[in-house]
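In this document, chain identifiers A, B, C and D correspond to the written order of the chains, with residue numbering beginning at 1 in each.
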Amino acid sequence: MLGYRFMGRAHSNAIARLPMFFPDAPEIERHTLIGRDKEALAEAADQFGFAQTATDWEAVVEEVDVFYNLGPNHLHAEPSIAALEAGTPVLCEKPLAPTLETAERMRDAASEAGVPAGCAFNYRFLPAIQYAKQLIANGDLGTIQHVRGRYLQDWLVDPEAPWAWRMDSELAGSGALGDLGAHTVDLARFLGGDQTGDIERVSGHLETFVDERPVYDDEEAIEEYRPVTVDDAYTAQAEFANGAVGSFEASRVATGHKNDHTIEIHGTEGSLKFSLERLNELKLLTGDNRGYETILVTDETDPYVDHWWPPGHTIGWEHSFVHENYEFLSAVADGTEFSPSFDDAYDVQVILDAIERADDIGQWVDVREQ
Amino acid sequence: MLGYRFMGRAHSNAIARLPMFFPDAPEIERHTLIGRDKEALAEAADQFGFAQTATDWEAVVEEVDVFYNLGPNHLHAEPSIAALEAGTPVLCEKPLAPTLETAERMRDAASEAGVPAGCAFNYRFLPAIQYAKQLIANGDLGTIQHVRGRYLQDWLVDPEAPWAWRMDSELAGSGALGDLGAHTVDLARFLGGDQTGDIERVSGHLETFVDERPVYDDEEAIEEYRPVTVDDAYTAQAEFANGAVGSFEASRVATGHKNDHTIEIHGTEGSLKFSLERLNELKLLTGDNRGYETILVTDETDPYVDHWWPPGHTIGWEHSFVHENYEFLSAVADGTEFSPSFDDAYDVQVILDAIERADDIGQWVDVREQ
Amino acid sequence: MLGYRFMGRAHSNAIARLPMFFPDAPEIERHTLIGRDKEALAEAADQFGFAQTATDWEAVVEEVDVFYNLGPNHLHAEPSIAALEAGTPVLCEKPLAPTLETAERMRDAASEAGVPAGCAFNYRFLPAIQYAKQLIANGDLGTIQHVRGRYLQDWLVDPEAPWAWRMDSELAGSGALGDLGAHTVDLARFLGGDQTGDIERVSGHLETFVDERPVYDDEEAIEEYRPVTVDDAYTAQAEFANGAVGSFEASRVATGHKNDHTIEIHGTEGSLKFSLERLNELKLLTGDNRGYETILVTDETDPYVDHWWPPGHTIGWEHSFVHENYEFLSAVADGTEFSPSFDDAYDVQVILDAIERADDIGQWVDVREQ
Amino acid sequence: MLGYRFMGRAHSNAIARLPMFFPDAPEIERHTLIGRDKEALAEAADQFGFAQTATDWEAVVEEVDVFYNLGPNHLHAEPSIAALEAGTPVLCEKPLAPTLETAERMRDAASEAGVPAGCAFNYRFLPAIQYAKQLIANGDLGTIQHVRGRYLQDWLVDPEAPWAWRMDSELAGSGALGDLGAHTVDLARFLGGDQTGDIERVSGHLETFVDERPVYDDEEAIEEYRPVTVDDAYTAQAEFANGAVGSFEASRVATGHKNDHTIEIHGTEGSLKFSLERLNELKLLTGDNRGYETILVTDETDPYVDHWWPPGHTIGWEHSFVHENYEFLSAVADGTEFSPSFDDAYDVQVILDAIERADDIGQWVDVREQ
């Protein structure tokens, strides 16, 4: 596993929880944790239950049975491609890569390797989202005409919030668009599925409100200011193959919103709404109902829920990683396909790239034309 | 007063209620109700408290002290202009006109007349909106960075819902854009005010999901199908003068939403949300608060509320018309300015027109370039 | 009409609005407004549209066709009984009287008079409540097992809030119990109907948090303190004839709640919730639904709504009075029965009285034993 | 650890998660899992990570360093007392015992043992509850005047839902009262603390809607009906030492509510609301605010949150057990006190017992008189 911060912790936890709750998951040994800072790495390995550490990924990706790439975006490509070339299945954090060209190389490597190569769009694996997916696929919402997605956070609203790699276009690719919008576009595609077909045309708007941010030293004094070269916020309009109207938005400066990923879908027969801050709930309108039902998606019959607790005993954000790891590792063990694959992630990236180009040229962009 | 259906009723009711609740409003005589169908007109005049009826507006607009134009959009221009040329103040329903060119003629007529010419953007006059406006103008939200508005209805989700003049581009101009989007753009401009400056650039997307709709005869059998030549839904992206990011949307096919006009604004110091379906409430985040407060805007100190009932005794949609009529008729009586004026309404129309053009050409449009 | 303050205004407004929205309502002349302070009375009569005023009710109640008693609770009995003895129909504000004995006299007078005698429990006439009533009566909720009602306000949370007649047991009877609890008990009985049968046993708890309150002079200086001899809050437990469990509560010191009258009912087949602060909505769970639907009760098919506006155009608190006056005045004109009658109001009072006695003796009280 | 079903799983999981998220927690070896059904026990031990199993608790409670008693209520006393007599710290599920007399013996045993004896009122350990506790203790809500708690579930609304030990008064003590009401009373006392003082008087109402329930055989055919000898629902009124008014309720037949434990508190300076189905949130009104803030209690500065994920990344129901185990095991390791102790749990039981007696005799009961 490469990466031992936020995502390293989320996936290590997920793996550690499988035996108790998913007894049919393959047995997993947490083998080697990869990072650069030896001291921090050793501490993390100890805490996350890894037997070994390494500061160099090159040998590791050949040796292990599965490679997790949870590093910053600009480190997604080389180690993942090397792993795939060695026939090692890969689970890589999203977005796939800072540039479309790099994402394409990763997709091609996965295609040639013929082993599972997954991209960690974890929100697909929430019970409410899986349930929504089933309803839409069953046609319970009729013909989908509106897909609306927004992902609001506010951790950058303070102009003195510290600079980080996520604000650099070389390291991160884009800002809110790639970090948050990738999730939204993936969910929109996943939920819409065959009902909407894919996104065909987009218009884009990227905005950076704070052009440079401070780097702090150990005494929390400002050492220097570094430029912010990615977007703080984006909006996009979209048209799906079936004619459905899409609108997407994300922000890191939406005061008062911490992790508010909201998806709203309207069809001719029904509608639904989901918000990540209340991830156990689905607002659903179907059939002859007059208003949205507020459904607590915690019944035994709900996706994944029978592995956990009785009705009404809610799960948290991290459970999406447990489900994702269960599916990914089972796919590796069984030699079956895992979705979202690098193919899916590349398709997301094509759309993100089209949004950026649309913003650049001030025109709608046909997603398939590059 | 021209028009005796939905809007005729709303304004007649508003006027009738002034004496009891706004004793300082000018005394109003409901003089002449204008329409084409004599029988329906006579009945409406009786019910709405009008002394006379007329099927021809031409004489009336000169005779009366104030002319209300509440007819379909394509009837806004000629009677309003004639009234203004006769020096009669006009209150006209929104949007101002089906085309920008006509709207411009109306604005010019108002400018020359020098009497109050108001456009009935009634939502400005809700206590929660007035209160929000004060907070934003006071700087309580800091620098505004996001303005999000959407207006969702579902009365056209059934493809067999009957054809009406609102679906014809000649008579209505546009569909969801002009009918619903006009309100959103007006509120966005009103609330943003000097803090955001005006909308400068837009991108647009108009979509018609049902291309023709039935006309029913008296036995509710389908007589014929007529083409729908306006949008069922639109989305727009916008950039304000201060750099704030706007996103707007409306639909008449958003299953489960009846009259859901939602405005959300994020600033560097706070955020707010308003929804017309809960029009007595404002969700507000300011100062050191951590989450949105749900405020019932029904205190004596809230705008207009002291005219009504004690705290917690909510008002309805129609009260916005009472406040609007109070302000408009007071302006006429006092010879002061009324806002939203034809000028404001023209500026809204410029933006709506730009959204349509942006959709046509598939490009962002600079609002001031025509 | 006796009383020209809050309730005088609410009923005058309701009467004034009938012709435009309920054209089949009987024609009403606002005849005489009764009060003690001549100057204030004259002003109110002018504003409320009354032709005459009187400071003495005795002659008036014989002369008029209908008598509205909207004065303080201790003035409910004598004028109402006199009117009924003169054969004049009466609409009286709630609660019927400060004491059960007086309420009984009023009920008996109504019974002998044989003309409509109504008690103004206006919340029965909200569309959402009428709709809920239909659903329960239809058995859509199955066997009712829980009825929960609470009415929270906070206008007395400040210990320096001024003394008023509503805080004196002689003038008002009780405090939160009679003023707010009367509404709750009436709605519980109305909604439960034959499904629950009546309330049979109660336990009570009345509490006064502030024992005396200031009387202010014209310069807003404190003249004196007067004792508060009624409850600031009450709770009650109840058992219905069918075994359903009831729990009721009201407070005037529930910080942050302005007019929060909430009713929640659980049956074997469904549940519902209503809150007065969102009076256009009903939360409803029936059939195979998993969660509560949030229904905007503003469709044409909803009770009373076809008289007003299109779907999603909400009404306010005052509209309950329009519906109530429509029903009452129609009953008077048609010689039919009106409900809630003095009989109903007396039955409510029996329960309120039992709650007070239960509090006094610290025991459950059988409602029918006095 | 005695018990390997719902609670066994919840605590095993909690213990397993400590090393990764609470690195300063003592190291724990999951030693022996105790149960009767050898096969099920072996499987559970394997899944929960226990090294050994035992069908007899007697030897085990002396051997281990800490004893978890997670069995049915009637098995709480003997093993816990035996453990305490052997000087083994005990964590016991709630309610402490089926009868007050037994609870008293447990409390006394704990008192004599002088080792930590905790009762697993896990909801105390939710971040939102801890945060609420701090605010109340700081006086941010002023003088507390109302405490309202209700715990609604619906798993017994179907009369054919299977009989279980929780429906037998010998095995469980009481029904909704002991199972759900125990949590409510504990939270009310915990949150009220010194601000309210303890509950002094109560009135009670217990109701059983379904008198017998089926026992099913392996083919899901009904073998027999067994009597339900506990309450399906209870309500209680309460008076706190400071005069605050309490009202409590729980039900297992509240259709549509899965695990809806709601606490509402009103003070002279503020109010708060918490619902277990949205356990990451606190609705809070303090200071000059006008309405309730909806606070996502997921900031780094919130109790326990720094151990988990960044702001907005919500936790689930099970996390309350992790925090509880962290505190309990730390107290054992450090030799400090743990709260809620057997003392606290006994005090809760005294109140539950008083509610039952109050129901029996139809009178308010002074909690301290037995």
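As a working rule, contacts are C-beta pairs under 8 Å (C-beta built on N, C-alpha and C of every residue); 3 or more make two chains touch, one makes a residue touch a chain.
Keep in mind it's a predicted model, so treat the numbers as computed, not measured.
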Handout entry: Chains contacting each of chain B and chain D, listed by label
Key = A, C
Exercise for the section: Would you kindly say which chain has the C-alpha centre located farthest from the C-alpha centre of chain D? Expected result: B
Problem - Chain pair with the higher count of C-beta pairs in contact (A-C, B-C) - result: B-C
Handout entry: chain B-chain C separation of Cα centroids, rounded to whole Å
Key = 36
Fill in the blank from the handout: Per the C-alpha centroid definition, the whole-Å distance linking chain C and chain D comes out as 40
Exercise for the section: Between chain A and chain C, tell me the centre distance in angstrom, where each centre is the average of that chain's C-alpha atoms. Expected result: 54
Problem - Touching two or more other chains - residue numbers and ranges from chain D - result: 257, 285, 290-292, 296
Problem - Residues on chain A engaged by chain D in the complex (per definition of touch) - result: 6, 9-10, 12-13, 16-17, 19-21, 23, 47-49, 153, 155, 257-260, 276-280, 296, 298, 308-319
Completion exercise
Per the touch rule, the chain B residues reaching chain D in their complex are 284-285, 289-296, 299
Handout entry: For the chain D and chain C complex, residues of the former touching the latter
Key = 141-142, 145-146, 148, 152, 154, 157, 159, 203, 205, 207, 209, 233, 235-237, 239, 243, 245, 247, 249, 251, 253-257, 266-271, 285, 290-292, 362-364
